[in-house]
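Next, two complexes with chain A in common: one pairs it with chain B, the other with chain C.
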Partner chain A sequence: MTEKKKEEKVYRQLESNKLLQQIMFQYMLEGHQASEENRLAWVTSGFPVEIPVAMGVGVSYPEQYGAVVGSQKVGPEVCGYAEEIGYSQELCSYARASIGSVEKPDQSPMDGLPTPQALLAGNNICGTVLRWYDAVSEQTGAPVFLFDTPPITDGQPDHHKEYVRNGLDRLVDFLGTTFNTTLTDERMHEVADLSSKALELWNKSLTACKTSPTPLNCADRFLAMAPVVSMRGTELIIDFYETLLDEVEMRVKEGLGAIRDEKIRLLWDNIPPWHSIFRFFNGLAKRGVAFPADTYTHAWSGKLKIEGEGDDLFDSVVSIYSNVYLNKGLEAKIDKMCELIDDYNLDGFVMFSVRSCKRYSLGQLVSKEIVSERTGVPGVVIEGDMVDSRVYNEAQIQTRVDALLEMFM
Partner chain B sequence: MSKFGIGIDIGSTTAKGLLIDSDMKVCAKHIMLTGAAASQAIDKILEELESQSGLQLDDIAIISTGYGRARVENAEKSVTEITCHSRGVHSLNPEIRLLIDVGGQDSKVIRIGKKGRPEDFELNDKCSAGTGRFLEVMARVLGITIDELGPLALQSDSPSSISSTCTVFAESEVIGHIGAGAKPDDIAAGIHDSMATKIVALAKRVKVVPPVCVTGGVALNPAFRHYLSKHLGTELWIPEEPQFTGALGAAVIALNGKS
Partner chain C sequence: MSYEGVLEQSGLGLQELVKAGEEIIGYIYPHAPLELILAHGLTPSLMRAIPGVSSGFEESLQTFACSYIRNLYNQRTNDQLPQITGLLFPSNTCDSLQNLTDIWKIRFPDDRIYRLTYPVTRYADDDSTRIYLTKELEILSKMIESTLNRPFMMDNYERAVSIIREFRHDAQFLYSARVVDPEVLSYTELSRLVRSFLTAPLVSVASEIHRVSSLVKEKMKSKGLLNIINSIMSGFQEKDFSKVKPFKRSPGPRILAVGGMVEPQAIATIINGINGVSDSIIVSDLLSFGFKSVFAPPLDKNGEPFEEMAKSILAAPGEPTQEGLQYRMRSLKDLVKALHIDGLLICEQSFCDPDQFEAPSIEKVASEAGIRTVRIPIDPELSDRARIEVKIQTFLESAGYT
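This part shows the complex of A and B:
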């Protein structure tokens, strides 16, 4: 026999990725169609997207576009277009990628996002989004709507809920006026049902990663989360999350891990380095390191419609979208990390200090110390950026991660 | 356990090699500038270890460490400098719980466990303030050699105030002090004071637990040791050859066959 046996890869590709690619392609086409029909809004990742979706408004996500720019390894170029017109290199690289691609769409991946007719910013994930959308508004002429969710430190008082609730009413008025559309109770319930169903399926896949070996690794989850971020409330994504869950449950049943030889289980904190996502996670997979949980993909888990909790969906929108943990104190994130480390039986954690994302990264040094003390497992902070590979030093990251791994050997 | 072990530490400024026997006795050692081609430094180190010890190195396990660790082709494996420095210092003084290593282009603070393994660590490698490079730049501005800088600083009883945040800004400050007529010994003292402050901030992140050891080339500088000890509020323990602890740790691992 001359034919060599093909060497098995250390990580297992998900079959459901094919379906993921199809729906993401369809999503892109729908964005272009909505733009041509003058009914496209750009939205931030923490925005209550169920409302525009229920009102027939198409949505596109500049943050997701930033991830595409990063994955295609053109972050320095596209961010550079924004820097050329005066934006600082210190500005969030998602913002720079978005502003840069509007400036030079023909030199950006997918010719940029389709042109928006409105910009919907929710400041529950960060304060930069408002200024960023203001900048895009100057470039495109699309009006900005701010969904303002003041930070929560210790419970949400009634006047706070009322304020956010008024914001939702203003949102419905804004979309009604801008797009000449209305919101019906029936349609809102339909969309909320679909959104909750997708989130329920997604949560089941995430929870299945408590099993050892984990059926999903970090890069798997970061790719599979795209629809639940950008297409919550649509029928299109239910099929994908059902297929994904089937595959995940099959892996659990057969004892198949996302990587072939899981030895060390770690928690990942923050957005991933999109430009190096496979190189980083698959490189560690070769050494038996799996990431069964992360703080980021677990952030999209608030179901809008919970049985037995009454019918006022807007109240539940207020609660879910105000209580995003980036909108709460550092303590909430520390609690979440400790909970994930315990529940997913993790040996340690890696915190990615993202130069762009101050909101997510601020407090990581303090958190590291507290999480280590509470859980008794070691952690490491590595530094870089999710899109801009100019501020990602692989050798320095390697030394830190290697030193963490040596602590387990 | 083998009879001998070799550790090679390819740092950003200097490359070090050390050969030890099973009694932990150093049979041969060599230090040189890493230069632009790490492979040449590696060849030279192995040559020196062979000629000093008179041993055939072919059958002796080699462990590599330092930023150029992947360049040592005949190493059994590479281990980070964090683990190697911990192991090296532990083999010299098992009481040490906090290790501060100040190298040419980075500084590290490592909390060492009772068995000599790192328990926590912090690195400063994004900025040259707080590293040997900072002192090199400042010596150049003052027109003296790096070896003269520490002794000069110890003559001062009134250190100039110098920013601890950035080498480039600190350089401008030093030039400002020179222009304002400040005494060179006060400026030199301010430089060491500033650098020690920066390292102490890093050390506090992993908690200062005495006894504290300082390694790396900068540990040879008496003024740095003086200001570091003052700001940490504790005595320091300095190995006889503080530049070799990374290579020593690698050699210990090579000898024991386990990191």
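This part shows the complex of A and C:
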């Protein structure tokens, strides 16, 4: 593609994406190496990954793999492999993609994820992960460790903290026994420092999107969040987030937006439709619609180490990983949306009702009304799926988004 | 009696209680602390999904919410729920019920909503789950006391422990007896008795179950089958079927109904609706509102109340929140072998994670055990009843059971 044609695009590609690709490639190689060395765990996105990382356990993320399956537009095929062995099409498509790829790795992108020796599930993002990992355990023989963080509504009472803390102690024992490894304070502090630093850099990039025009659009953030989800606590990603932040700050300084002609600023709620991510967001970019904030990529914001606060990292892990906002109920989610709309000066919002994700999506019809009432901005709910494009009706979605945009004309 | 008739009857029973001045706490999840609610001088009543409710969920729930919660929500929007003082929701059991509670609180702010959060832990070698749930039960108790001005009364609690212990003992015996002789009591009748008690755990209902249990016991004694039945009951209680005494299998197909929050009576109704088939083919179920409720262990009256309740709830059999898939499937494999099961009816509610994730594993176990399965997609409206009947009939015919 010529430079001229690049310039004509309505969105600006990030230079740091090159580094992102390298890091993600390296991450994939490390996963394979860990698997070959019998020290690989599959991990859910809300799991306190700093602990396995500090204990030398390699990690791979089936949810990220689901995103890959979706973005390569093979969701129906790979999910179909799970359906062939009896898993209902009504189940989570991340789960089906993962189960399907284990069933037929040679017919799945990247030959599937490397084989795990353990499965680490945290239910602070949803209850589905437990059943999903149980199913993968049946397929692979890898044992499941469940890190239970019961939902909280009015603060975290002491007995809840103690219970979650016990779960962490059991996790260390489980990893020690399964992988013949130990956890040292020194290593845990190193990993926590790196995790906190990456999150700090990431949050600075997110916060920079308060400016108009926004330096990052939704698709940019969904791609750039990958390392902070999967490699928190490693040295490798610091360089990337520094480079990203430099680029973001340069854009802010020079008044360069992620899209060329920002007219409308919207909030995105939920996982994106991976199979149509560029088509959807860039299609709207052509009409001057930018998404400076979303509820999903802001979820990775809890730093384990905060200056001036206690030195007990496990207490910090208990608090951070219990207070994931999906674990705090609908009111917390509504508050978060209102806060983002206010802070990022947004004109409206789009809620993607994802059939796969009941924890994220059930309640959107109610929260839409309340968020509009509180903020005075309009919103729309569109329905589909993040991986399985069979249940994504583009024309219907287009009509609904058009109806929202008409309100701004 | 038809399914609808049974529903109407239990609804009337509840209405009479309300008229008599009883305050009802409705609950949704099978493992509610019945003794706790009774100890506060309230009557716990299992809210059931019912057929024939007009739709009303669309403004608040998407279509991919499970059919069970849609039905409950429809009942509320159409004012079809029984007259209840409060409603107890579970937390940390499944995403649909989790979010439904939040939605309900917002949509119906005047409803008195209680929430009990259950721990989800697999084989923790420490006391953390028991300690956590004990504390949650204490909090629930305080909440009930403060909102309804109904203190936890020890004598109420002791009575509750006795009556529920008696119910469980009798119902467990009936479940076990039917395994040996499914004709001794119809599955419909057993389901009705259990349902009656879960709708209103009254002494009169427990007495009726006890009377039936005594009659069945007499019959079984005369046939010399009591030892076998007791060994089956112990197998269910201890989740270990290695000591089940050998018994002669009953004539006809021996089917086990498996699944989650599905009404046993709905299954019985469907089976009885099939031409030439009776519900004696169902020798047992492993459903949440049947087997899993009945076989939760009774409480020790001498123990600390909240701790005892926590221990009982956590030891309820077959719940995916406490038992890993591998464990449950191993147990199922032992069960089908020990109890001479010929086939499985796998009941699945639409958009139900626990049901739908487990179904393929159950099929695998059945296949390894050399028995047949049929998957039954079921919703509380029984909207697909005719097709389900045909499916089961075809299953029975193709397996050579009819």
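Keep in mind that, in the parts below, the second predicted complex is superposed on the first by the 402 of 409 C-alpha atoms of A that agree within 3 Å, B and C clash if a C-alpha of one lies under 4 Å from a C-alpha of the other, contacts with A are read in each partner's own complex, and residues count from 1 in each chain.
Keep this in mind: a residue touches a chain if its C-beta (ideal position, glycine included) is under 8 Å from a C-beta of that chain, and two chains touch if they have at least 3 such contacts.
Computed from a prediction, not measured in an experiment: that's the story for all the values here.
Contacts of A:R359 after superposition: chain C is touched, whereas chain B is not reached. The partner of chain A that touches more of its residues, comparing chain B with chain C, is C.
In the superposition on chain A, contact is made by A:Q396 with chain B only, not with chain C. Looking at the shared chain after the overlay, A:E406 reaches chain B, while chain C stays out of its contact range.
In the superposition on chain A, A:I370 makes contact with chain C only, while chain B stays out of contact range.
Once the two complexes are laid over each other on the shared chain, residue contacts for A:E383 go to chain B and to chain C alike.
In the superposition on the C-alpha atoms of chain A, the part of chain A touched by chain B in one complex and by chain C in the other spans residues 365, 383.
In the complex of the two chains, the chain A residues touching chain B come out as 365, 369, 372, 378, 383, 393, 395-396, 399-400, 402-403, 406-407, 409.
Those residues of chain A lying in contact with chain C across their complex are 85-88, 90-92, 95, 123, 126-128, 130-132, 134-135, 137-138, 144, 146, 148, 150-151, 153, 157, 159-160, 162-163, 166-167, 170, 329-331, 353, 355, 358-359, 361-366, 370, 383. Note for the complex: chain B touches chain A at residues 67, 79-83, 117-121, 123, 125-126, 205, 259. Listed in rising order, the residues of chain C touching chain A in the complex are 59-62, 64-65, 91-96, 98-100, 102-103, 106-107, 115, 117-122, 124-126, 128-129, 131-132, 135-136, 139, 320, 324-326, 329, 348, 350-351, 353-354, 356-361, 363-364.
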